[in-house]
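Consider the two complexes below, in which chain A is the common component and chain B and chain C are the respective partners.
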Partner chain A sequence: MRFERTGFLKRYGLLLVLIVMVCVSVLLSPLFLTPQNVVNLLTQVSFVGIIAVGMTTVILTGGIDLSVGSIVGFSSILFATMMHGNLFTFMPDEMFIYAGMQDLTPLLPLPFNLFVVLVAGALIGLVSGALSFSLKIHSFIITLGMMIFVRGLGRSYTDGQPLFGVPPYISWLAYGSILGVPTPVVLWIVIVVVAAFVLKYTRYGRRIYAVGGDEEAARLSGIQPALYRITPFVVSGVCAALVGLMMSGRMAAGDPKIAEGWELDAIGAVVIGGTALQGGKGSLVGTTIGVLIVGIVVNVMNLLGIADYPQQMVKGMLIIAAVALQNLIARFGREHER
Partner chain B sequence: MADGSTTGGTWLSGAPARGSAADLLVQNSHYGILVVLVTIAASLAPGFLTVQNFLNLLRSFSFLGFISVGMTFVILCGGIVDLSVASILAFSGVVMALLQHWGIYIGFTNELSHVYPTPFIILTVLALGAGIGLVNGLIITKLKVTGFVTTLGMMVFVRGLAFAVSGGGTIFGVDDFTRYLGRGMVGPIPFVALLWIVTIVAGSFVLNRTPFGRRLYATGENPETAFLSGINPDTYRIAAYVISGFLAAVAGICLTGRLDVGEPRVAQAWELNAIAAVVIGGTSFDGGRGSLGRTVVGVMIIGLIRNVLSLLGVLPSPQEMIMGIVLIAAVVVQHVISRSKV
Partner chain C sequence: MNDNPNALLLEVQSLTKAYPGVVALDNVDLDVRYGEVHCLAGENGAGKSTLIEIVGGTIAPDSGEIRFEGTRVSFESPRSAQDKGIAVLHQELPALPDLTVAENIYLSRLPRTRLGVVDYRSLHREADYWLEFINSGIDSRAVFGDLPVAKQQLVSIAKALSLDAKVIIFDEPSAVLTLIELERLFEIIKNLRKDGKGIVYISHRLDEIFEIGDRVTVLRNGAVVATNPTSDIDKNDLIRHMVGREVHETRLRQRFSPAQDGTPVLEVKNVTRRGVLENVSFSVSAGEIVGIFGLVGAGRTEVARAIVGADAVDEGVVTVAGTELRKHNPKRTLRYGACLIPEDRKLQGLLLDKSVRENVALPSLRDLTVGRVLLDRRAITVRARDFTEKLKIATPGIEQRSKFLSGGNQQKVVLAKWLSRNMELFIFDEPTRGVDVGAKEEIRRLIVDLAESGKAVILISSEIPEILMLSDRVLVMHSGRITGNVPVTEASQEALLAYSMGSN
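Right after this comes the complex of A and B.
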């Protein structure tokens, strides 16, 4: 009986926490459950939410990707540079001239300029993954180097200045809506559903879990770990590049300085969602709930008018408490299984 | 291949003194990089090779240096990383200034109003730093939350705390004694640099010449075998985080003296620089292999590369790019070297 109870806690505990939090939020602020606020909340979290999808696949294989925040900034400025093709033939003497360049001169026709940005994100992920896999160096170090490098690369284009002006379809990525649902939320949901399906129901997904759980055992059962170790970084890079495009739309500019520290927000959401940093254990559903939990906490504190700093303190405690709680439940469950 | 004190070797570098000249060369390649950097810098700037400039550089390295020393302890004992150090540094600096401006809570802001004499304030701040480290260690060992997650949470929390206690603003002005800690000179040597050197020597002594240090290495190399040979790994894990928190507080106090303000925004992302310094120095990320001497070289390499790039007139953004490449190149080269030895 008790064992069943802990099994239930392990399975649905996170969902319970989310439901309890929604209830508490409703009690704390009458504004919380208004449609406007719910839409705002979902739109705000969808950016980190998409990054967290890539991060989850990386962490499931036992790695970590610190470069995502930098990739967001880099993609944003890369896209803006490609939209200002005349910069390649005419270099302004002074940086402030960038600010006045509203007229767009795309280098490539429509699908290609988006494609180039996503491929750039994928390539950065590929390099991170390939280096850390082939050299057996912990991805923390490789992606830390990549994070510093890519941020510097993005800032080098325009010396850290934003480049204003984006085409309408990029604004649509941030402000548009499909059937009344904001585009970022739709994108987030689609990506989560597709990725969750792939992870759960395809051979590729199951092998990611296998390699992350025990690489040696996976190798002995005939799985080549290379593919499953490297591709998650590519997924993560593409997700980050997409968020970079969405952020360009949100700010109507390409800005290399955005999304600093987002990698840590995404990692926080993933671990709150119950995915183990050691790999092999966790799910995208958990990550999504993790993203929502952090989002709700921040949202309610905003509604209550709590300043930025106590919010940070609560966020920090939330990360530690969530993981500590999961460990306690897991240990409790193990003791009763015997 | 144990690279630490366990195999003997030169006391400060921790590199095993054995093998052919070629062996010696690859094992000490980080010194080679240092020599190359110094040569480039010297040829670019005529004033570079003066004692005065060297001492100034030493001072500028020492703030990052303190937390890199703490980070080395954490990484050596297999704790992966301590992400909270930069936040602890900022928090310590703010508390240091705040306790000298107690009147801030009753409306006076600019005049010094010590809550109690400065030495006690320093003790309080050091205790707070060590205390945060202790909490890190306890959460990691008792609640079994991984070091990465714990210190990530603590990093966010303590940074928020630093903002909260200072009300988000900057606290201007500290007393002469605190300023001396950051700016003072002992003869020709800057006080911070001297303190850093003392810390390195003391830390190396502890790591290489005491049972505590040997057990810390053993814990990092393999907690299981350490446990079976009668070592309680938890004790050494906790101790490493306490040392790391304590040294972050030392850096925070000195930086507050140097800047003459208590500022919650300082040292953003320094934890990553410290990790980079440790890794570039060649301390293994898996724990149990490496030394403090290597970290010192790592800190100097990072500082000198920035110095040389600035001398060359490279803008800050490309400098960042180059730092990223250097970090990745350093681990790749170390990997290739260690593989060629096998």
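Right after this comes the complex of A and C.
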């Protein structure tokens, strides 16, 4: 039944596009399929990939989270300042911005510092979700405000400067590996698998789809929407905070300016992956393929030596083309049913 | 308790609910016995919806009480009513089109394995059981949104049964079902009655009430007018109860004789839209009302849309007032004097958030200007006021936002929109659907008046009596083709039905 409606193209179209793109990439550059490049590619996309997981859960409920890029920057600087013995206090002037590792006086034992950062991300998400739900203001507005606020908050810590000096083991989050697979990639895969499982096989997950599909219908079916409207923002905040920690590791510093515009990259990947902005429809498999498609295009352009700005043009066109194509396929399918 | 044929399953006592400015329910009493179909009738705004929403736990009453199997209950959510065993099948089905049928049935209580994971296997087993129980022929794995509306209704019946509901409330199911589907629904309802369930059945169609109901309660202005066994009363009593005055379902129209010389206002020739319409040809003269009857999905609305150019056709020509229209769109068609008054007024006919004044003026803004540029506010107001009076639109004022009007009055605003322009051809798609008896009558009169003033009218309706009452000629459609074209004098209910099912 499902197969009849959606049709082969609609169901596997995205996967087909991915496969075609891999093939084309191989033809375009012999370097593409080298193990080194594949590892690079996956590592590069895993950061936005993790953010896109949170973004997918939010978009499934019909919301959107613009604050994630800011949360990444904020988390990274929050972590760095905590490593220097500060928490929620802005850096005093006399503090040596370029403090070395020897000056580290962590506020808390390391696991707790990490934990505090993740909790901070969760709290920001909770505030966004709760405000949006209780004030009945679309999350686009709430998280737009939150995006600007959190970016300002992060920059206030060090007056916008990066703060060097993070413990070496944090760089494991960015450069380490587990069984030969880079840590970011492992984290990404684990998060995707866990989240996909939750969405498909738990009541919580199915209710996210239900509330996103039609909140009133879900309510009449006996579901209280509040939980399902608010918690996805918490998931999104935690995902972003984790990426903030990974970025601290990657740069061996906290930097409040990073990840600007990543929320849009994540949203782009989600919509390329076929998740509907109005909610209720879509999947993490789609999002993951969306992340990979964007990643491959960027990667190949890098291999071909195409400059940054033209790359942006291609990325922009890619988003429009991908979604337009899906709409066409869907319309085609509908007309054929008649 | 169950053995006593008069035992009360559900008892509603002096339920009252007031909204600012309106008393929606005024001391309403209602009871439902085991194994009974209890019909609710009343005009729109009589309080039927409020009543079932309270019984279904969606809204809370101001006062009064509900007893279920003898004990007093109060519901704070639809869920708590469901848990007790009261299921409401809403008119506009609250459903999640992208989820499967099974998920729609079990949404709030998906079965879980010991690990706390959704147990899809038992989910589908359970869902299939209930779907089969009512002989629906629906696969629980189907995507809900893919099903035709009638099957979606069956899914919600399966859902009600799966909830072990003892009271099942049907809110105007016939509004979305074809006759055949309705027959099936009645069969199911009769079986449920046999099993001792209490059924509450709401309908605007009086025939249904007599066919399926054991008792009928009529509400008017939020109060119960009467509760009677259906065997004790007849249709005219019922209508009198509903409207408080007599309304006769008799023919409103004098015989029509087409002008000898006149070319038809509308000529449709061999219009084909692949898979939807096949070789449709007919014409409509000035002053004539042509009824189009057919089951849901027969292509009636599609013909109308093809005439005004809302959908492109593959072949065929539409001629309006002597001009051949090809590749036209609704805007161009308007210029030639043809308009379509669509079925779904909430979606297509009316800007709900805008005032009556703005809605009425919308299609004729072009004429209501000062020097062709600036809107002439005074002229707009005058026109809106004129039509509000002429059509007897019940509204506190022309600034009232349309969404606060009742269904019948909304429909009149839609009519006013188009009447205020000088059209030659009016196409009405289900003009009286979901409209109360009193307003129905007034809308029908308007349609007759239009024809009598020399306009050509196409009337699309699923109600045979309405077609017979108003039209001069009846076209019957079946799967995209015209299967019957008969003068009303030769048309009977049986003949129209036969044509609509594709037999000659």
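As a working rule, the second predicted complex is superposed on the first by the 315 of 338 C-alpha atoms of A that agree within 3 Å, B and C clash if a C-alpha of one lies under 4 Å from a C-alpha of the other, contacts with A are read in each partner's own complex, and residues count from 1 in each chain.
The criterion applied here is as follows: contacts are C-beta pairs under 8 Å (C-beta built on N, C-alpha and C of every residue); 3 or more make two chains touch, one makes a residue touch a chain.
These figures come from a predicted structure and were not determined experimentally.
In the superposed model, A:R11 lies in contact with neither chain B nor chain C. When the two complexes are overlaid on their common chain A, residue A:S221 makes contact with chain C while staying clear of chain B. When the shared chain is aligned, chain B comes close enough to touch A:G316, but chain C does not. Using the contact criterion defined above for the overlaid structures, shared-chain residue A:Y209 touches chain C, although it does not reach chain B. Using the contact criterion defined above for the overlaid structures, shared-chain residue A:Y201 touches chain C, although it does not reach chain B. Of the two partner chains placed by superposition, only chain B is touched by A:R155; chain C is not.
The partner that reaches more residues of chain A, of the two candidates chain B and chain C, is B.
Chain B contributes residues 80-81, 139, 143-146, 148-150, 152-161, 163-164, 168, 272, 275-276, 279, 285-286, 315-328, 331-332, 335 to its touches with chain A in the complex. Of all residues in chain A, those touching chain C in their complex are 1-2, 4-6, 200-203, 205-207, 209-210, 213-214, 216-224, 280-281, 338. Against chain B, in their complex, chain A makes its touches with residues 64, 131, 135-138, 140-142, 144-153, 155-156, 159-160, 264, 267-268, 271, 277-278, 307-320, 323-324, 327-328, 331. Against chain A, the residues of chain C that register as touching in their complex are 58, 77-79, 82, 90, 93-100, 103-104, 107-110, 112, 116-118, 139, 141-143, 146, 275-276.
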